[in-house]
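Here come two complexes built around chain A, the first alongside chain B, the second alongside chain C.
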Partner chain A sequence: MTVRAAHVLVHLVFVLAMPPLLVGVIARTKALLAGRRGPPLLQPYHDLAKLLRKGMVRSRTTTWVFVAGPAVGLVTTLLAALLVPLGGHRAPISFEGDFVLFAYALGLGRFFTIAAALDTGSAFEGMGAAREATFSALAEPSLFFGLLVLGRASGSASLSGMLGPAVGAAWGTAGAALASVVVSWFVVLLAENSRIPFDDPATHLELTMIHEVLVLDHSGPLLGLVHYGAAMKLFVFGALVLAVAAPLGGLDPWLAWALFAAASLGLAAAVGVVEGVMARLRLPKVPSLLVAACVLAAFGPLFLVR
Partner chain B sequence: MSALTLTLAAVGLVALGGALALALHRAPRLGTAIAVGASVLGGALGSVASMRVLRDGGVDVLAVSGRTLGGGVVVGVDPLSAFFLLPLFSLGALCAVYGHGYLGARAAPAGGLSLLLAAMALVLLARHALLFLVAWEAMTLLAYLLVTLDHGDGEVRRAGWGYLLASRVAVTALVALFLVLGSRAGGALDFASLALAWRGPGPSGGTALALALLGFGVKAGVVGLHPWLPEAHAAAPSHVSALLSGVLITSGIYGLLRTALWVSPGPWFGVLLMALGVAGALLGIALALSQRDLKRVLAYSSVENVGVLLLALGLGFWARSRGDSPLAAMAFAGGLLHLWNHAVMKTLLFLGVGSVARGAGTRDLERLGGLLRRMPWTGAAVLVGAVALSALPPLNGFVGEWVLYCALAQVGRHGAAKPAVAAAAGAAALALVGGLAALCFVRLVGVALLGSPRSAGAGSAREAPAAMAAPTALLAALCVLGAAGAPALLSAEASVILQLGGSTEEVSSVIQQTTPLVWANVVLLVAGLLAVSLLGWCARGAREDETWGCGYAAPTARMQYTASSFAGLAAALVLPRWARSGPPSEPADPLARALYRPLLIAWEARSARLRFLQQGNVHVYILYVFAAAVGALTWAAVRDGAAP
Partner chain C sequence: MTEALLALPNGAAVSQNAVPELTLDALREAIETASARGRRVSALFGAPRGERLALYVVLADDAAGLLECGSATLDGDEFPSMTPSCPEVQLFEREVAEQWGVVPRGHPWFKPVRFHRSYRAPRDAWGRAPEDPLTVGVMDFFRVDGEEVHEVAVGPVHAGVIEPGHFRFQCHGEHVMHLEVSLGYQHRGVERSLLGGPGKRTIHYMETLAGDTTVGHATAYCQLREALGASGASARACALRGVALELERLANHTGDLGALAGDVGFLPTASYCGRLRGDFLNMTAVLCGSRFGRGLLRPGGVAFDLEPERAAELRKRLDRAARDVTEAVKLLWDAPSVMARLEDTGRLDAATAAALGLVGPASRACGLRRDVRKTHPAGIYRLVHLPISTADSGDVFARAYVRWLEIERSIEYLRAQLGELPRGPTARECPAPRGGHLAVALVEGWRGELCHVALTDEAGRFSTYKVVDPSFHNWPGLALAMRGQQLSDFPLCNKSFNLSYCGQDL
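Up next is the complex of A and B:
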């Protein structure tokens, strides 16, 4: 019982403390590939601390929905983070069918983020909102194809079972299906977290942004929470991909935590490499990539049942 | 007093109120008050009776007399009827109250609404084909009269005409259906004989099921048969739309289920329903997200939700025909739960949107905006309904779809190869529908309620009167309670699931499985509310300024992103070119444009030769009726003579 409580505690520490570090690693990797030294790895923590201390300005048109955007976004991502198993350990919250809650809780956060953007009445933010809503809707089928593949491979209906020790065994029997899920989910990770090639988080032109433009009018602590929530979402999707790509179930539990931390940093570096070597796609090409990811994921069940 | 007597008393009370209101059209205040009062009282009485039937199970049938209406006056109530009666009575009462605020003291529409409620209840209570068809026709025609209440508007007349045309096709199919059903029962048309006759072995009921799907599918807005629905539901006054979209379309589902209780369908029927369901959900939401008219958005979302419903029920029938009773119980549980939830959510949104349209003076999304500030209660209720209809947690719309996902995942885990792949595809399609629904409803909320007003009307909107705001707020509360009380709702449905196929243990295992989800939902709700209030408290002193506009100093409301642009990207991706909006002179629905309109034009040209039959002279029509009666009698006499 105490061991379980300790693992839950470690899970919480990872979820709350690690996300900004991933953002730092991505930025650093990208800078190194571009031949620069880049910001310190811990820079995102300093940025968050600074934003939380600052005052805020809000638009005259806004209502309570504007504040609800970052609040609901953070709460739902936190719930998703408590549902997803880390390093092969059982997640703090786990029940049959929790994978649907995982996907739909993130959907609720997106709903309010978009509503908050539309609350400002800005054309830029409306444009970003439309893109975010469209692309995330297109990414949804890939996620569910993958989840059903894992459900069949593991015989379980909860995320902790699907992404638990059974995955390691499944690589032997259903490697092709799992490989297609990993590739497809990595694309979903890039899309859902607005990374290159879908969106450039470092861009400075409102017309071309997706996620950054959604939160143009959020400032101070609100902006800090938005950034924190976005980093946590990246962490959650990273954990999802890693659970399939690098299954750690069955290892020594404490070793698994260490390996999970290393794998997360490695995944962040991989995202950084993608950002370093690729340009962002032209907007009309984005849906094609998402549909390709979905088709790839759709092969999963076919590989599995043969 | 038996539950049937209580239900009949409720129906009688509502009908009496309606008739009195029509009789008192010279005293509209009194008439309206009587009709609304009768609907509320009868609604409460009927709800209690329905809940009793659902709790106790069992079947209660009453035949009034042997020979009236060809022996057709047989009424009864069982859990399946009660399941549909409960939303009818409770939501009907709320709609009646809202209608009083919406239309003011107008006796005719208030009485018509009460009579419509009574007719709908009679459809569910009828236990003889003749009574069923009479009630069905009464329901259809009363609904037509209410849809065309604003008949000064050409568009409303056209919508009413389309509805009437579709319902003619439907009722023809239903008459044929009962003839086919009755042919195996030796011509008997009461439901007990039908059930008995179809129980034994014999030819499969393929024809009957196809006819039922056609006849009831039109009413339910099954994809392909749906083009009349968005027109009619948009044209009607809002509380009537709410009743049509929330409750009346479920009478089609009731008919399908009732038929399937007699004719045990083979696996093909389940597969067909699932295919229609996925197609309807995708097409419905794809069309909903690009509508400019608030009420058409909601009407197309009904097509989507009927699709989701058919997916669940189809899965249930498929599982039942293969003897997989636990899966059938789960799929039926999900479908039935979604049906109730959809009734509440759709009624809420139609009422809320009606208040919004009344306040701003338009239903056009491009002329709305900023209404959450001006109508805080109604706006918040619409926001709740939008989240619920997007099937997002922690509200009721999520729970039903969650059960459906669990059923699909179960097939995906343990099913044979082909069903497992199909289930994965079904779950992925449902996920896409969910994503698009979120887009559709965040657009509705974002454009209509948030931002700044895009027209003078929207700028001067005021909160709706209490008679309109109170039912809306109550329904929003039901959306929250429906999620937290999902296990209670499922156990209320248990007797219906038992009737459809499933055992008590299977139902209670579904309920057990739902419990952790309910807790997670409650935690999410509380945490979300706390976070919003806490952050709102922190942000209370924030300085206010213009929205960021790249330094542009004089922003106007017209610079906001429009509803059309918001949906444009997604619509271009999910709708084929021919299905996007056509010229304004043609029907807005792509299927109506591509299929039904050419078909009707060709039909009209062909049938011009029969126009001489239409004399416009009552005597001639009486002659037709007489000739038809003589013909039928002669045929009967000849037949009896041939086979004594």
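Up next is the complex of A and C:
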């Protein structure tokens, strides 16, 4: 029981402490590929500390929804992070059907982020809200098709079962299905976390933004919550992809934690490489890529039933 | 009709008595038939003639390499608009109306340009009283109405550190039906400040008409002064001006390609070109001590000579920068994800571009052969000919590709020039302007044709000084290129034109 408690504690430490580091790794990788030195790896932590210390400006037209957006966004992402098994260990919260809670916790967070954007009444934010809603609706089916494959391969209906030790065994029997899930989920990771080729988190051009434009009016601590929540979401989606791509179940539990940390950093570097070598998609082409990812994931169950 | 106008070469001065005074109808016919006769409008402006107002026009005949001038006196406070049959004068007519309080009757898009009081207040083309407030950007914007139509307003304060300008989009979802550009925030009244000159300040005004076109505008002014003074610059001075002008083109074109890459999120080219732009600016600093070429050009010649040692240093830096810029830009053309963004975005066909009177790389990207260096050569370009770089698709890619072709050709040109600069003095005395003259100077700046026209009074002082920056011709091109485009492609499209706000607002 104490060992289990220790693993839960490690899980919490990873969820709370690691996300900004991933953002730092992406920024550093991008900078290196562009021939620059780039910001220090720990810069995102300093940025968060700075934002949390700052004052806040709020538009007079906004209501409590504006404040609830970032808060609910962070809390729901945290809940999702507690449902996902990390490094092959059972998640702190786990029950039959918890994947539905996982998907809709993220959905609730998105709903509040969009509602907070609409609350400002700005034309830009309305535009961003429409884009965010459209694209995330297209990304969601990929997630469920992937979970369908994993549920069938593992015979479990909880995330800890689906993404646990059973995955390692499933690569032998259903490799093609799992490979399509990995590719599809990596695309979803890029889309959900507003990375290139879907969105450019570094741009200052309001008209091209998707996710960034939703939070244009948030400042200070609220913006800090938004950034922290976004980093955590990246971490959660990374953990999903890694659980399938690099299953660590069955290894020495402490070695698994170390490998998980290394794999997360490696995945962040991969995201940085994608950003470094390609341009953004034209906005009307974004749905095509998301639908392609969805179709790929939908092939997973076909591979299984044959 | 053509015979009625006076033909003169670029960089010429004539007595104002020699400039034909036409009837208004004859002048209108000359302008309205300009494009049919293969002419385009380089300048159209008003100048007081006694109590009344005279309209002056400068048409460019690219085939013959000549400029055509003419004027007509207005009888009252209005004249029939020529815009319906010659769309390229629409902004010129609005400018004349705003400056002199006359009304172009039947103008289809009659709105203020820079939001200032008329030079002949309280006369006002829109009938606004002197006590009515005049706020930049406050006017009737074109509106599309409908249940699902929405309006997006951007600026005048932008997210990047750029100049102020207001853009109003009429959208259906992500689809742009119409873009209206409203400028005037940078209006400083430069043209009025030049009156009574030339003086000590004049050259500094010229160098800051549009900061990124310092050498271009200063070259146009110097050519105009030398024409008015019936002198010229030495061959060595002309060659050095050419070196500075091409370095300015290199710096800006390289910066633009980098910025285009940055706008589509393609980092390698964005970072390298950002650095290389600085390298080209530093080469200008080697030439004259200022990265933007300030203080280099003076009427009569140039203020700094280029000794063989520094010429060799420039050549060495040029070789290094040429190698790097080739690699950086090659990455751009080789990335399919970048090409997918540039191609077919913001397309403008040649007919529209010609009707709007576009100039510079934006016009050459549509296949128009408009390059003052080739068609109206002055200075060093009379001796050394640069081919016109064109593309034909008229989209963002074409505007980027024309820039790349010009980068290659400017580098080639500089290599040749720096190896064999003509000998001789760098500057000679520039006599005071002759009285009662009119002079025109055209220069191909990196953004396109710069047109300066000056009229002098009996004492040889400027009584009218007209500056036409290429941005003045090209802003409507951006508005039309955005029709039917994606709202999210506007920044990319805007960057592909990269127009000047202060050059237009003056």
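As a working rule, the second predicted complex is superposed on the first by the 306 of 306 C-alpha atoms of A that agree within 3 Å, B and C clash if a C-alpha of one lies under 4 Å from a C-alpha of the other, contacts with A are read in each partner's own complex, and residues count from 1 in each chain.
What we mean here is this: a residue touches a chain if its C-beta (ideal position, glycine included) is under 8 Å from a C-beta of that chain, and two chains touch if they have at least 3 such contacts.
Values in this document were obtained by computation on a predicted structure and should not be read as measured data.
Of the two partner chains placed by the overlay, neither chain B nor chain C lies in contact with A:A270.
Of the two partner chains, chain B is the only one that A:Y104 touches; chain C does not reach it. In the superposed model, A:E206 lies in contact with both chain B and chain C. Comparing chain C and chain B on the residues of chain A they touch gives the larger count to B. Contacts of A:F124 after superposition on the shared chain: both chain B and chain C are touched.
By the touch criterion defined above, A:A137 reaches chain B but does not reach chain C. In the superposed model, A:L33 makes contact with chain C only, not with chain B. In the overlay built on the shared chain, the residue A:F95 is in contact with chain B alone; chain C does not reach it. By the touch criterion defined above, A:L41 lies against neither chain B nor chain C after alignment on the C-alpha atoms of chain A. Once the two complexes are laid over each other on the shared chain, residue contacts for A:A279 go to chain C alone; chain B is not touched.
Looking at chain A, you'll find residues 123-124, 126-127, 130-131, 206 touch chain B in one structure and chain C in the other. Of all residues in chain A, only 55-61, 63-65, 67-68, 70-72, 74-76, 78-79, 93, 95-101, 103-105, 107-108, 110-111, 114-115, 117-127, 129-131, 133-134, 136-145, 147-149, 151-152, 155-157, 206, 216-217, 220-222, 225, 287, 294, 297-298, 300-302, 304-306 touch chain B in the complex they form.
Interface residues of chain C, counted against chain A in their complex, comprise 150-154, 159-160, 173-174, 261, 263-268, 270-272, 335, 337-338, 340-341, 345, 486-492. Contacts from chain A toward chain C in the complex involve residues 30, 33-36, 123-124, 126-127, 130-131, 196-197, 200, 202-208, 275-285. Across the complex, chain A is touched by residues 369-370, 372-373, 383, 387, 390-394, 398, 401-402, 405-406, 408-410, 412-414, 417-418, 420-421, 423-425, 427-432, 434-436, 438-439, 441-443, 445-447, 450-452, 513, 516-517, 520, 523-524, 527-528, 531-532, 534-536, 538-539, 542-550, 555, 557, 559-562, 565-570, 573 of chain B.
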